[in-house]
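For reference, the structures are reproduced in the following blocks.
Shared chain: chain A. Partners: chain B in the first complex, chain C in the second.
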Partner chain A sequence: MAFDILITSLINGSTYAMLAIGFSLIFGVARIVNIAHTAFYMVAAYCIYFTTYRLGFNPISAMLAAIVFVAFLGWIVYLIFIRPIREHEQAVLIGTIALAIALQELMLIAFTGDYRTVPALIKGFAQIGHAKVFYQQILTFGSVFVVLGLMRLFLMKTKLGLAIRATAQDRETANLMGMDESRVAMMAVIISVGLAGVTGAIIVPLTTIEPFMWNHPLIMMMAVVVLGGMGSIKGSFYASFILGFAEALVVFLVPAGAFLKGAVALSIMIIVLLIRPAGLFGVQFEEER
Partner chain B sequence: MKMIRRIMVILLMCAVALIVGGSAWAGDTIKIGIIGPMQFVQGKGHWNGATLAAEEINAKGGINVGGKKMKVELIQSDSNEFLNVTDATNAMELLMTKEKVDFVLGGFRTEAVLAMQDIAMEHKKIFIGCGAAHPELCTRVAENYNTYKYFFRGTPFNSKLLVKTSFLHLKFVGDILKSQLDIPALKVAIVAEKAMWADPMVTATEGFLPKIGMEVAGIWRPSAVATDLTAELKAIQSSGAQMIYTIFSSSVGIPFARQCGELKIPAVQVGINVEAQKDGFYEATQGMGNYVFTMNTYCRGVEYNDLTAPFVESYVKRFGETPPYTADTYAALVYGLAPAIEQAGTLDADKLVKVMEVGEHKVPSGVVKYMVDEQGRQLHDLTWGPGYLTSLGVQWQNGKPVGVWPNKWKATPESQEVTYKGIADYKIPPWVIEAYKKK
Partner chain C sequence: MLEISNLTVCYDKAMIINDISLRVNEGELVSLVGPNGAGKSTTLRAITGLVTWQKSIHRGSSDDIKLQGTVEFMGKRIERTPAHQIAAMGLIHCPERRRPFREMSVLENLKAGAYLLKSKKEIEDNLRQVYELFPRLKERSHQVSGTLSGGEQQMLAIGRALMSNPKLLCIDEPSTGLAPIMRSEVFRKIKRIKEMGITVLLVEQEVSTVFTMTDRNYVLSSGKIIAEGKGEELLKDEVLRKTYLGL
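And now, the complex of A and B:
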């Protein structure tokens, strides 16, 4: 059973990490709490369903199309919707909730409330010890490390990455140094939403597509981000696996309380926050210094 | 100037006449509100069934109401009850006050239907429930007849009887496993979504299994919207269960069946899986839903009586899918309400109630007869059992739903065997045979 718990923890954790990393990036750089992050993930899932079944795309093309479409959508949304109210954090928070619900309703109108699925990129499962693990789950697990690696390369080795890190550390100073803070924020939003698209593309074969599929991941993603420390990508990574482990423990040790796995994970988040209000790896912002 | 004023007055009078006259014209039709979650398969079933019924009735010139033929006019109302019960009550209120319907059919979630029921009763309108199974909807009729007598259950039979039927399915499949795989004592994993309706079913199942010589391997209660059930499935496999008794009405039924099939968990699935009742289940599970067994009302090729095939086939022809049970708005309208109106010769609800609650009538899923409780009080609830309504046990075989129960079923040792036309044999998944035959 211990091995089953370990495997399940890693798989659960990698799913949450994929979502939380993008959310952390946008918050760390632009201080935007994008509640619609998982709604973009939902849009990506529908996009893959639509391009696969209605337009006849192969799975890889469908995934790429979804990522590009969602990143483009994020850009448009930023320009029209977020940028004008960006300086008002509460307005952005409430605005992105409204945006998420609007996207949900749009999907409901376009695709109805029927549950849909898409095929796995790699079908079948591997037997690891006594545990059976889907190849798609292994792919998700591997993807987290690839995405993290690429993100690190991007942030450390490119000019835009440097600008993003500088802006994340101190917006005003970055601005004074000649960086176009607004443009950097916009790029962060596009990358972040693009990451939501990537997550949708990788996870969608493991899940059920429906207009409300963004709700549960949102709660778990928020828990991961808060536990890891708002804006900290590293913190999100560790927190994802901590909560994934907590969930796996509940399912295996208290099967009749499997529905409580989310609540247990959230309780852990609250306990950590009581001890460390900034989370495990909370980012220090300029006004807090 | 005077002329203009006169013209204005005449136009105004015409407008008033049109408005007043509108209701007089509306008097030539019977307005029936169809209420349900229209963005979801259940609501679509309500609407499609009623549409088929209205077309059929109107093609024959309408319903004869005391010598006057009146056509049926359907009013669609989206209750949005999956998301918001308040939306459902508002929708019902609008049907009563704005649309001024004569009757209402539909409803799905018990929580919403209870609230909708109160509104319809307040307006003394006949409301035929075609979705919710909770007994409370009908015990209200018995306990407060004068208020709730306008409510009738159209489909399905109440949840206590659904449980009873589901246990028959469990025993049916268990007996096959015992005989074909030579397993003396079966272990059953109970997997029920975390929802109010499932709680009493879990308790009842725990008590029932030992009575038929089966052991409870464990109880799993995933969220109704869980998308990853691999942890639960691994735990079920570790528990040594040969059967999984499912109690699912929500989306969890899809990933559970899909992942169970993909991982080749050596246990058969029996029980209620509402998603497996839909034609799209095989596609939704990416072909992994084969061998899943669920209770269902209709299955192509299976006939309860001579009304089944014409209804199912015309529904499939018109809407491209097998009717879900909520499409029994068709039966409620064609075989329940319309004949009652013709017999009573009026749309008066009080007179119609007296006609509707007595006697019995054939419908595509069996025979409808309204029950009375132990004290002889009218329940307006559906009678279950051979000769009335039983539903079907349906198994997915080769990508298609196949009726497998009742197959030589005897309700009591003295009863006659029941096998509906078109019933086929239950099949054990090959990986389950492989897992237990060699032992």
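And now, the complex of A and C:
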């Protein structure tokens, strides 16, 4: 039992981490609260399903195609839909909710509401005590760390990474250093949505695909961002695993706990907002005039 | 080098800058002084494209920003040019309240300042130069900039601006909030920057030190330029001294 809880919390935690980091990135750099973030994750999952079963791609190329397609979709949507309203927070909020629902309905029309699955990349499992660890779970967990490690390298070592961090901290000053703020914001959107696509690609063998699969991760992701501190990537990382663990504990230990999944996240969110509104690693944004 | 003609900036219905003209010649150290709220910072923001930028991001919202008149830098009109392109032309703005990237180390801040430079060697050279000018920054190079003292943050802000090889450096209120010793230190460094051949436009409130080091000065009050000239000339004017400079 303890081992099951551990595995579930690590897998869920790493999914939330991937999603929340992308969400934080886009918020930090472009000040966009992208409610549709997890909808892109759903689109990536469907994209893999479609390319695998309808087009006969092998699993790896299906994943790559999904990531590229989702990043491209995010870019197009940003250009025609989000950028014109970017500075109007309420409009962005409403717009991205609408976008998420539109994507959900599109998937519902295209693929119906049936539950779909894709096969694991590697089959089989290891038996540890009474618990089963699927090789796919280990693979997923490992890939999350590789992706997050690469992401960190990108942010810390490349010029674009530097511009992204600078813009996230103070976009006016970043502008004065010659960084093209609107181009940096666009790159951040592509990377962030691409990361949602990667999450979908990595997680898809472990989950069922359906048009409403973006709802729960969205709530968890919001709770993670509130707990970790808005705009803090480090905070999102730790908070994801804390929430993943809390969620797994409730699901396994409380009778009918699976129904309380959403409640765990929301309760933690409310408590954090009451006690420490800035979150664990909250960033204080320099006030802009 | 820099020529501003009939510049007017309005935020909503408030006229912040009213028809001002000023020029900075190559190699000069020119100051723009005046009391709080005179429009000094807005003038700099208009020159370096931040007003244009603000205008572009507030497009469609209720507060309306107007910018009229012309700004010419090295013979090119720049009043409609985006801020990052102005920076690329070598007109660098070291902003008010220092504004370091607080979560980054001193070194990363300086590298962000060198964002426009392509060659690694040039960045290294500039880094050496900045460290020479501000040895304190070298000692603190791996410290997170948010934890630096006010004076150190000011040095970092100037150092960061120097990293991109500015032709004209605009420094906004570098002495504000600093202890007297730190102030004179910062002013000494600005003098050295001028001696390095960089043209400087300095915005300040504190005039007594500034007037001793500048080539020319403009006095701004309520959005208008009310006097211009060398420091000693301006100080001779009794009314100006008492009313606007607070001396």
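What to note about this one:
What we mean here is this: the second predicted complex is superposed on the first by the 280 of 289 C-alpha atoms of A that agree within 3 Å, B and C clash if a C-alpha of one lies under 4 Å from a C-alpha of the other, contacts with A are read in each partner's own complex, and residues count from 1 in each chain.
Note that in this section a residue touches a chain if its C-beta (ideal position, glycine included) is under 8 Å from a C-beta of that chain, and two chains touch if they have at least 3 such contacts.
A quick note: this is a predicted structure, and the numbers were derived from the prediction, not measured.
In the superposed model, A:Ile268 makes contact with neither chain B nor chain C.
Of the two partners chain B and chain C, more residues of chain A are touched by B. In the superposition on chain A, A:Met221 makes contact with neither chain B nor chain C. Of the two partner chains placed by superposition, only chain C is touched by A:Ala163; chain B is not. Contacts of A:Ala256 after superposition: chain B is touched, whereas chain C is not reached. Of the two partner chains placed by the overlay, only chain B lies in contact with A:Phe134; chain C stays clear of it. With both structures placed on the common chain, the touch criterion links A:Leu155 to neither chain B nor chain C. When the shared chain is aligned, chain B comes close enough to touch A:Leu108, but chain C does not.
The contact surfaces that chain B and chain C form on chain A in the two complexes do not overlap at any residue. Of all residues in chain C, only 48-50, 53, 57-61, 82-84, 87-88, 92-93, 95, 99, 101-104, 108, 111-113, 115-116, 160, 164 touch chain A in the complex they form. Per the touch definition, chain B reaches chain A in the complex via residues 37, 39-41, 44, 82, 194, 218-223, 225-228, 230-232, 234-235, 237-238, 251, 254-255, 258-259, 262-263, 275, 280, 283-286.
Note for the complex: chain A touches chain C at residues 86-88, 159, 162-163, 165-166, 169-170, 172-181, 283, 286. Contacts from chain A toward chain B in the complex involve residues 1, 4, 8, 11-12, 15, 108-109, 112-120, 123-125, 130-134, 137, 206-208, 210, 212-213, 215-216, 247-248, 251-252, 255-259, 261-262.
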